[in-house]
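We just call them A, B and C in the order they show up, numbering each chain from 1.
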Amino acid sequence: MTRRSLERVKLAVVNLFFILLCFAVLIPILYALSVSLNADNSLLSANFSFLPKHFTLRNYRAVFVDEPIMLWLKNSLILAVITLLVSLGTGIPAAYIFSRKRFAGRRLILNALVLLYAFPSLLSMMALYKLLTPMGLINTRLGLIIVYTGTMAVFALWNMKGYFDTIPLEIEEAAKVDGASPVQIVTRIVLPLARPTIAVTAMMILIYVWNEYIFAINFMTGSDTYTLAAGLNSLQATEMSGSWPVFSAASLVVSFPILIIFFALQKNMTTGLTSGGVKG
Amino acid sequence: MNSDTKKKKKRADTLFAYLWSAPSLLLIFLIVIFPILYTGYISVTNMNVYHWNNYEFIGLQNYKDALLVFDNGFLSALFRTILWTAVNMVLQLILAYVLASLLNIKGLRLRNVYRTLLIFPWAMPGYVSILLWKTGMFNSQFGLLNQWLTKAGLEPVKWLGSNFMAFFSCTVVNLWLALPFMITIIDGALQSIDRSFYESAVLEGATWFERTRYITLPMIRPIIAPSVIITVFTTFKQFDVIYLLTQQVGSKTGADIHTILTYAYEKAFITNNYGYSSAISMMIFAMLIVFSWLSKANTKEASI
Amino acid sequence: MRRTGFLSLTVAAAVMLMCGCGAANSKLSEEEAHRIVIWHDKEDAVTGVLEEKLKELEPEVTIVLEKKSDLTESLKMVGNNPSAAPDMYFFAHDKIGVYAEMGILSPITDIIPAEELSGYMQNTLEAATYKGEIYQLPIYYETLLFLYNRRYMSDDAVPETTEELYDYMQEKTGGGHYGFVEQHSTPYYAAGWINGFGGRILNDDGTPGLNSDAVIAALAYHKKFADLMPGETEYATVNTLFNEGMAHATIGGPWLIPTVRESGIDVGAAPMPVIDETGTPIAPYMGVQGIQVLQYAASNKTESVEKVLRALMDPEVQISLAQASGCAPASEECYTMPEIADDEIVMTMKETAEHAVPMPNLPEMDVMWTVVGNLLTDVNMSDEDVAESAEKAQEEALSLIKTMQ
């Protein structure tokens, strides 16, 4: 066998593996898809098939017509975009500073941050509520945005700082010799190099805001302020009410925008560093 | 430059550093640190259903009571939590590494399609996924897994019934939820490695194993380290997977796979005694600090 | 440029924190005083009726109905924050003890004089009473029902005693079919058996009764039934088994009936089987669904609150709501009206309710659900010794209750 055909066999095997793996990974989601397209009002059945026996789009119509999903979408979008901007806007400078500068208290703060992240969040909600109430931030978007950015700030700072550490200082020094200003160095050199980590961090933040419902329900009471995740949660089939197929349909509808964003962001992650020069 | 101007410069640098990181640190203070301080404060009061607004300082009474929770059940839950974290992290890293490496094989045209499909689980709200797994996959009567087993002529399995199976099933779900992130991180790290390193290594006759051991791993380690550390803590405090799959009131499965958080939840949080449960949270937190301090002292790994 | 924006935003937040400027409250605006927010966890059919009826109060009172899936937890957090809390909530009576102790509920009698409540069935009012005060305006009540699939079980073949039921189960269980299924390890369902033996999960004085002989006997007896049911018996499984015609009979709530009928099953409801050992029927918990008023609304929006409550006291409204939910209305006089008196399911429920035990509304009950859930799991699924497990659970309950205080 020639080297080339060996390569080809290898690729075919890898492709087959990934096709099977993707199918296996998607089984629960295909399951939800099938339930959402099935006219029978049940999540479970003794003889399940991925192709619905009584095909219907009724559940999707129910999601779009009976529920104010566009309002939820708008609320989610506003929160997601602002949270993303604030998180990156505060996180990038902080991460950069913590990566490049050496100053008193730096080590302590970095060490403390991860530990703080480990605190069981079961209780912190009550405390947050008590904090935001006197500030008049309950039932306001600003309050929720502060909560979201604060929650993700540790991750953003820690994650991006780690990546900045791997970008060699020499590149910046060379630019400095060429007469670039500090701001230019960051925006023209560091940020493009750090695109993968910014993309990952942005993804994490987006997914968090998109799927978070506990704060969304409790800190913004009133169904006209529901986000997609909060609305989805209110559709949840409980013992007495709710419809599994509608819930499944809504779950898929909610996940779809995120999937598109994944796809869009992925290009950024793959073309991030081709110039080489990452220190080991 | 005399030492005085040096000192001045240093002070200016520090000020500059804090100024630029202030917004981020302030947010962290508000949303992360303050609640912990507040929890500490509640833990020395008698805030509970009977003293909701008129709670008062009762000193360390709650801590004294809380020591009762640290019984045998707690110790085995603690052991299980550590096992859970270790098993999940090891599997996560190995699987993510293998998959990310395969994704980076030269000539794989559909890699972006695979990438997007593989991270789909990440896009769904966690509780929805867990619900789907529980009722759709694991249900012993109607779950897909058992339907397939029966069709294949095998005995149906109680996926969440026994301790071992429940631990296994929870691990599968946790991996399903967590792998997309890990794959993305490692995938990104792999792509940042300069191809020329490999080329010269191949020229020198290095095997795949040697390339992995001496080039790939040392190269990606610093890049993925922060995400891995964060994930360790996320895994440690994972509550939803185990609670929703096996311990939810009304649909307990008979398996006892409590971690310290689900255990503390059943022993403290359901009492609506906030003072008491805060004391327990603070003690778990203190334990975490000791643990991470010990592990750091042992491995000297944290290269901050 | 952008960063200065963020800086000032956070600085603004910090300033707000320091001066602690709370939301301006004092006098309610005209509009706010006439806006009543009601939280609930009900199905769409019930909400629809409620919405339509309360629309009639406009323009004097505007009603906002909000569905909360985690209503009880949310209330704990926001209960005493008027800007976030609802004015009323529509929920079962079993949480009133907790909220009354927290001081966020107002007695109904502060608004509606007690003598006007005399038309309600006595046991619904008892359920609504905590420490001598009535905290809930009852609307309808529910109990679990013995439901059967007429395809397998004809009306005259319905087991009258538990032993008959057991024989039926032994005969019919197998090959994927089950003679009878219930959520055997869920406290709400198992409570019927415990109560039928004269045992109590929580005594009226707030002490747990899990190690009593009656409870132990009930658990031991109940286990032989559980052994003939599938291992997993949470709601989804039981519901689907019955829905797909694989379980011949079940004990379930009235909320099950619409979906069962939709899947084409001719479902019948019968009185609970009599337990041979004690001569009393299985006695499930009774839950009274009704309106609770939050303290802030009661003292600041008294007029509007009263209008809403009075509207819901109308027997006609109760009947429509009861029919929408499949439950039984709380006012005595409804039962003289033909639409209720002719309803097989509702009348069966009323009969079941004569033996039913109102769910305890004491705060202590909060921890009992978990403890009893563990106990049932230990006995039914892990095959542990009944008396030992009961003793262990009793101790556990005692220590948790002590922790509450």
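Note that a contact is a pair of C-beta atoms (placed from the backbone, for glycine too) under 8 Å apart; a residue touches a chain by one contact, two chains touch by 3 or more.
Computed from a predicted structure; not experimentally measured.
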item	value
Maximum centroid distance from subunit A, chain identifier (CA atoms)	C
Maximum inter-chain contact count - chain pair	A-B
Computed distance of Cα centres, subunit B from subunit A, in Å	16
Distance from subunit C to subunit B - Cα centre to Cα centre, in angstrom	36
Shared-contact residues (touching 2 or more other chains) in subunit C	3, 6, 9-10, 13, 17, 235-237, 240
Numbers and ranges of subunit B residues touching at least 2 other chains	23, 27, 30, 135, 139, 141-142
Residue numbers of subunit A (touch at least two other chains)	43-46, 89-90, 93, 125-126, 131, 146, 233
Residue ranges of subunit A in contact with subunit B within the complex	7, 10-11, 14-15, 17-18, 21-22, 25-29, 31-32, 35, 43-48, 89-91, 93-98, 101, 103-107, 109-111, 113-128, 130-131, 146-147, 149-151, 153-159, 161-163, 165-166, 196-197, 200, 203-204, 207, 210-211, 213, 229, 232-233, 251, 254-255, 258-259, 262-263, 266, 269-270, 272-273, 276-278, 280
Subunit B residues touching subunit C - in the complex, by the definition given at the top	22-23, 26-27, 30, 48-50, 52-53, 65, 68, 135, 139-142, 158, 160-161, 249-254, 266-268, 270-273, 276
Complex contact set, residues of subunit C against subunit B	3, 6-7, 9-10, 13-14, 17, 76, 80, 98, 101-104, 183, 185-188, 230-232, 234-237, 240-241, 363, 366-367, 369-370, 373-374, 377, 381-382, 399-401, 403-405
Complex contacts: residues of subunit B adjacent to subunit A	10, 13-14, 16-18, 20-21, 23-25, 27-28, 30-36, 38-39, 42, 99, 102-103, 105, 107-108, 110, 112, 114-129, 132-133, 135-137, 139, 141-142, 144, 147, 176, 181, 184-185, 187-188, 191-196, 218-219, 222-223, 225-227, 229-230, 233, 236-237, 239, 261, 264-265, 269, 274, 277-278, 281, 284-285, 288-289, 292, 302, 304
Touching residues on subunit C, where the partner in the complex is subunit A	2-3, 5-6, 9-10, 13, 16-17, 20-23, 37, 41-44, 64, 66-70, 74, 77-78, 81, 83-86, 176, 235-237, 240, 243-244, 246, 253, 255, 259, 262-263
